[in-house]
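Labels A, B, C and D are assigned to the chains in the order they are written; within every chain, residues are numbered from 1.
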Amino acid sequence: MAYARVETVGILTAGGDCPGLNAVLRAFVRTSARTATWKILGIPDGYEGLVNDAPFRTLDGDAVRGILPRGGTILGTSNRCNPFAVRHTVDGELTVTDESEKAVAKLRAHDVDVLVVVGGDGSLGVGLQLQRQYSIPVVGIPKTIDNDLSSTDITFGFDTAVATATDALDKLHSTAESHHRVMILEVMGRNAGWIALESGLAGGADIIVIPEIPFRVERIAEAILERGRRGIHFSMLVAAEGARPVGGEPILAQRVGPDGYPRLGGIGAWLVEQLSQHVGYEVRATVLGHLQRGGSPSPFDRVLASRLGAHAALLVGAGDFGKMVGVRGLEIVPVPIEHAVGVQKLVPPCGERVMTARHLGIAFGD
Amino acid sequence: MAYARVETVGILTAGGDCPGLNAVLRAFVRTSARTATWKILGIPDGYEGLVNDAPFRTLDGDAVRGILPRGGTILGTSNRCNPFAVRHTVDGELTVTDESEKAVAKLRAHDVDVLVVVGGDGSLGVGLQLQRQYSIPVVGIPKTIDNDLSSTDITFGFDTAVATATDALDKLHSTAESHHRVMILEVMGRNAGWIALESGLAGGADIIVIPEIPFRVERIAEAILERGRRGIHFSMLVAAEGARPVGGEPILAQRVGPDGYPRLGGIGAWLVEQLSQHVGYEVRATVLGHLQRGGSPSPFDRVLASRLGAHAALLVGAGDFGKMVGVRGLEIVPVPIEHAVGVQKLVPPCGERVMTARHLGIAFGD
Amino acid sequence: MAYARVETVGILTAGGDCPGLNAVLRAFVRTSARTATWKILGIPDGYEGLVNDAPFRTLDGDAVRGILPRGGTILGTSNRCNPFAVRHTVDGELTVTDESEKAVAKLRAHDVDVLVVVGGDGSLGVGLQLQRQYSIPVVGIPKTIDNDLSSTDITFGFDTAVATATDALDKLHSTAESHHRVMILEVMGRNAGWIALESGLAGGADIIVIPEIPFRVERIAEAILERGRRGIHFSMLVAAEGARPVGGEPILAQRVGPDGYPRLGGIGAWLVEQLSQHVGYEVRATVLGHLQRGGSPSPFDRVLASRLGAHAALLVGAGDFGKMVGVRGLEIVPVPIEHAVGVQKLVPPCGERVMTARHLGIAFGD
Amino acid sequence: MAYARVETVGILTAGGDCPGLNAVLRAFVRTSARTATWKILGIPDGYEGLVNDAPFRTLDGDAVRGILPRGGTILGTSNRCNPFAVRHTVDGELTVTDESEKAVAKLRAHDVDVLVVVGGDGSLGVGLQLQRQYSIPVVGIPKTIDNDLSSTDITFGFDTAVATATDALDKLHSTAESHHRVMILEVMGRNAGWIALESGLAGGADIIVIPEIPFRVERIAEAILERGRRGIHFSMLVAAEGARPVGGEPILAQRVGPDGYPRLGGIGAWLVEQLSQHVGYEVRATVLGHLQRGGSPSPFDRVLASRLGAHAALLVGAGDFGKMVGVRGLEIVPVPIEHAVGVQKLVPPCGERVMTARHLGIAFGD
């Protein structure tokens, strides 16, 4: 495909909210204005905007003015919508239908030549499938606050999420100390413990539990009691939501309501119950939840998101499709989407960061 | 008692953590150094330090250096310890004993002439009882993040708690909008809705539910749907933990575990369940919890706490006992503790702030 | 005038930028929508919008959506434009002309029944003059980050400015200590020292110099050296820009460039020069400048500005003209504008806040 | 030298303050405690502590408790002290003497086996010289907020400095817009424009001037006027202090007082003068100054500083002297100090970041 043919680019933001999405959109629009001639159409609400009737809107310089420091996405987004497997509930029964033809028809009706997908593992995979099955050229921009995408050193949103979690730890610290308590902060991370590990390092946690390193409650309790023997009668614990005991399921999986939403308390509440039986201190949990996805992106994330958005426009201009923009060291590099999807980047249990944490005296409960 | 006789002052911080406690201690110590000759003894862990064997420590200028911007309390604190009714659990059975004589003996053993209590309603009441029953002169400094103490316009810690809640609302706002969700923020306030009301006003909430104005779920749902009819497909709701439906108990009371800790979800989780049945949007709750009690105090709270600490020293110097330092308009005034305790300052349902909120379009679900 | 006749309200924001202006506008518009039927016209760029050709714009609910947390003013503003004395420079020569008739004609051409002025001392005075001379009913909303307006306990914007200055002090503190330096922070306050005093209290300053308490350099140096004798080899000094030595002019007045802008260094730079000759420590100054006027308003300021904006709408509805909305204790009250203008609220040199500061060990150099 | 012999390690922090120094010290001490047996001596006030009589202090776990989130350095620091060329002023005359023997004698008197230097280019070079000339084994930890050290991808302190500058831009933005002004923010960077470039990208600057890309005032003015023609009557400009016009000296160099301190206004004030003659807008400058060096380190800097401190301890343990710990991609690597000193890492004028900035519409005035 000759890239000179690109006249219209469609762009969507898919999946969970992530600080920096607006910076990506602004950079893509501004770079396109300076390096290309195509028109840009914003697709509302992620992939949902491809399978429903919501209108596309033109994204020009005015549309992206002033959005750099704002959280959220001006395009809207949706979770878990996949045009190849759209879920409908009719009369209480769930049906799954392939509506990819409808999605592609909508793209073609708007003369969309290239589709830019800002999304995580799943959303990028859907984009790749659209390219393979329907020859819609796709360019990806990786997005996850969990930082668990392979083929890129880091993703935007992560630094902001870590900052929110670290701020929470700073806040909880003085209360823990004043009340001689064990304070637990539950953070995001179903499969990967990056947010827990990084915020735990930054916030001076004493114990970190992550999915990659199964824990034993007794070992956690022992770390708390050992501090007590040294005269320090409080402890800070950061728990990734997907952490699990040795030989057991993630607590998350045991505590999910029928609609998939963890109503009844996750790892934080579970650890309160368990640890209260092993240590003589009060144990309290705070679940950070959605706060990690919101707020003005950190300067680091604003710059990273801007660089990725700008480079995605250059990829479109170069006709280099089926790629996403990734970070390698100080560089932005194109990466085949197929190398990025399907393989999660987990915390290496014996990697440098975990070893540094251990050197600092942080226990992992293993 | 001639106030010239004061040679030793004991000071304690009691009850839940509250940003500004350290600023109070610093101001009390510094003002004492400039206006008096007494020695100051810090009593550890609130009233617990009176009934156990923990040593008192001398508080001088060095002890309070650098603590102004720090959360927590360098003295430590404890919840619900009352020397007149100390709770012990022996063999699984709870016994309550009056240990006030022991407490007074410890004060006398340290030659404490005056006791300064930094605490809430309950702790100030205990101080008053010590004065009445044992002739220990007491001066009080009111402390509650809930701002529900009568006889003072405002309490330190409240402004910081509101700032934390407002920051959370700012963070949740963009996610709510991007995902077309109803976002609920559950904040502190078992009996009084001040934090919910003030942060709701500051954070641009659409709906606020507080204990003082019982709500109907249908009315809340109607406010959300009405916004939808105007094309605004998200809503922000702030709920005080003690909010309750018309004619019902507070949700809090229905959801407390046997140890008094709300394990199973409070008003936030309850509203998620209820509202999900009435509106077509996803509903999500975030429980702010202990984050509201921590962190560096806001400038407002640092100044207020400093003023109160300084004035408490002046009250001790003036021999004006049985009083606490209160705020009236721009002034710091002495207030008889007996006027302050036992009467909570609730949000007036038809007061100016609620009316302003209604004028701004905020619904209360009533 | 019967207030039932109000069909069109014009509103303008005048004078220097101030956090909370947008919150005022939002509250005025929203309260009007719920309590009245008038149309609201936004006048651009303060009084300049009355004497030039810029169009008015309708302010409705959509126009004020999402602006609560934003600094600045969506209407724009201008400094020192007075329709009764408009300054023009023609061929390098300054002429001053009365263009008030033109301003009134523009208001009348738009059928403006009532003019709402959000502004400081000067701007409110202009409003009052318009009412008196041309019978344009005026309602005022006081605005100044300096907090120096009489007839109101506090003004919005002040809390945010103090927070910015306090944050700067927190940042400078550790550098001062690590480098054994005297760090000076120059803050706003040409005539009144409120920002310096409040941020100095909140930020743990050792010395505060304000216009109301003339200082002697030797006394300031002595306070610094005294700390050194106690083993503390750094000091934090907050200086209001209008501070002046005993018997002298404000430094500000001596250092202003021909265009009124302090190019060559104000009190901060002057104190660096002077103190360097008296103490053996390095002395460094930071000028906070415009940073104090910007940023998202603090929760306190958002609520205060919202309350004032809402009450101004009620005043218009009540036909209570020639008044501004003021704060007295916990209440919002109408105050005759003539009582508010022309009299500055200065820091009482022997008032409670200054005495508290002295009790805390803060020197004023007097 | 057999590394098993290390019994005492001396550590100092040298040069300008930098957020993260305390995190480095904490990590070095904690990692040493877990991986080695040596005693650690803290040397006060950088290299000054080697040539004066100030006592060393033992650094153990207690000494570094609670310092992770704090700015500054608990060891103190000093600027420009070099034991090989100590400057004394006697009777108004400057003499420079080599006191390196005295420094080494002091180290030997304390049985210091290894010296760990946390410092910038100059301080690391002094360390290397001590090793070469006196066989004092040295390990370096690079420190500069300017991020201009070669042989490492990034330095701690930079992210925090950029956050402070970005926050300032966010604050100035709304005032610029409300007042139709050109707002200039002067940030650090005498030789390298990293802070200006990164904060300009993050803060949505319209114009960035840096030392590496000489500017023409006319080109800057043209960028401002071009915005005006598009209806945008304000502009944000970030200037590195060392920026210079095409063919000219840095403004900094022309404006420095006899003591090396820029009293009379640097690039910011100069641009106000110059631009005021070319554009019809008000132009205002803010000099961020020391605020960039202070404050609690960002989470990113806390983690980075902790990793470097931990790895420096491992280097000491491995006997790998003459090296500093550097960052390459996601790794911490040892780098010969001689490769790092003497070569500054400047912003590549045609590198990816500058090109991204241009794509975003940012002008560099060239």
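Observations
Simple rule for what comes next: contacts are C-beta pairs under 8 Å (C-beta built on N, C-alpha and C of every residue); 3 or more make two chains touch, one makes a residue touch a chain.
The model shown is predicted, which means the values in this text are computed figures rather than measured ones.
Counting hops only between chains that touch, subunit A reaches subunit C in a minimum of 2. We define each chain's centre as the mean of its Cα atoms; on that basis subunit C and subunit D are separated by 35 Å. In this assembly, the C-alpha centroid of subunit B lies 32 Å from the C-alpha centroid of subunit C. Multi-chain contact residues of subunit A (touching two or more other chains): 170. Chain pairs recorded as touching, per the definition above, are A-B, A-D, B-C, C-D. Partner subunit D is touched in their complex by these residues of subunit A: 26-27, 30-31, 33-35, 68-69, 153, 159, 162-163, 166, 170, 198-199, 201-204, 296, 298-300, 302-303, 306-307, 310-311, 313-314, 328-332, 352-353, 356, 358-361. Residue ranges on subunit A touching subunit B, taken from their complex, read 13, 17, 21, 45, 70-73, 76-79, 164, 167-168, 170-175, 177-180, 183, 261, 263-265, 269, 272-273, 284, 286-287, 289-291, 293-295.
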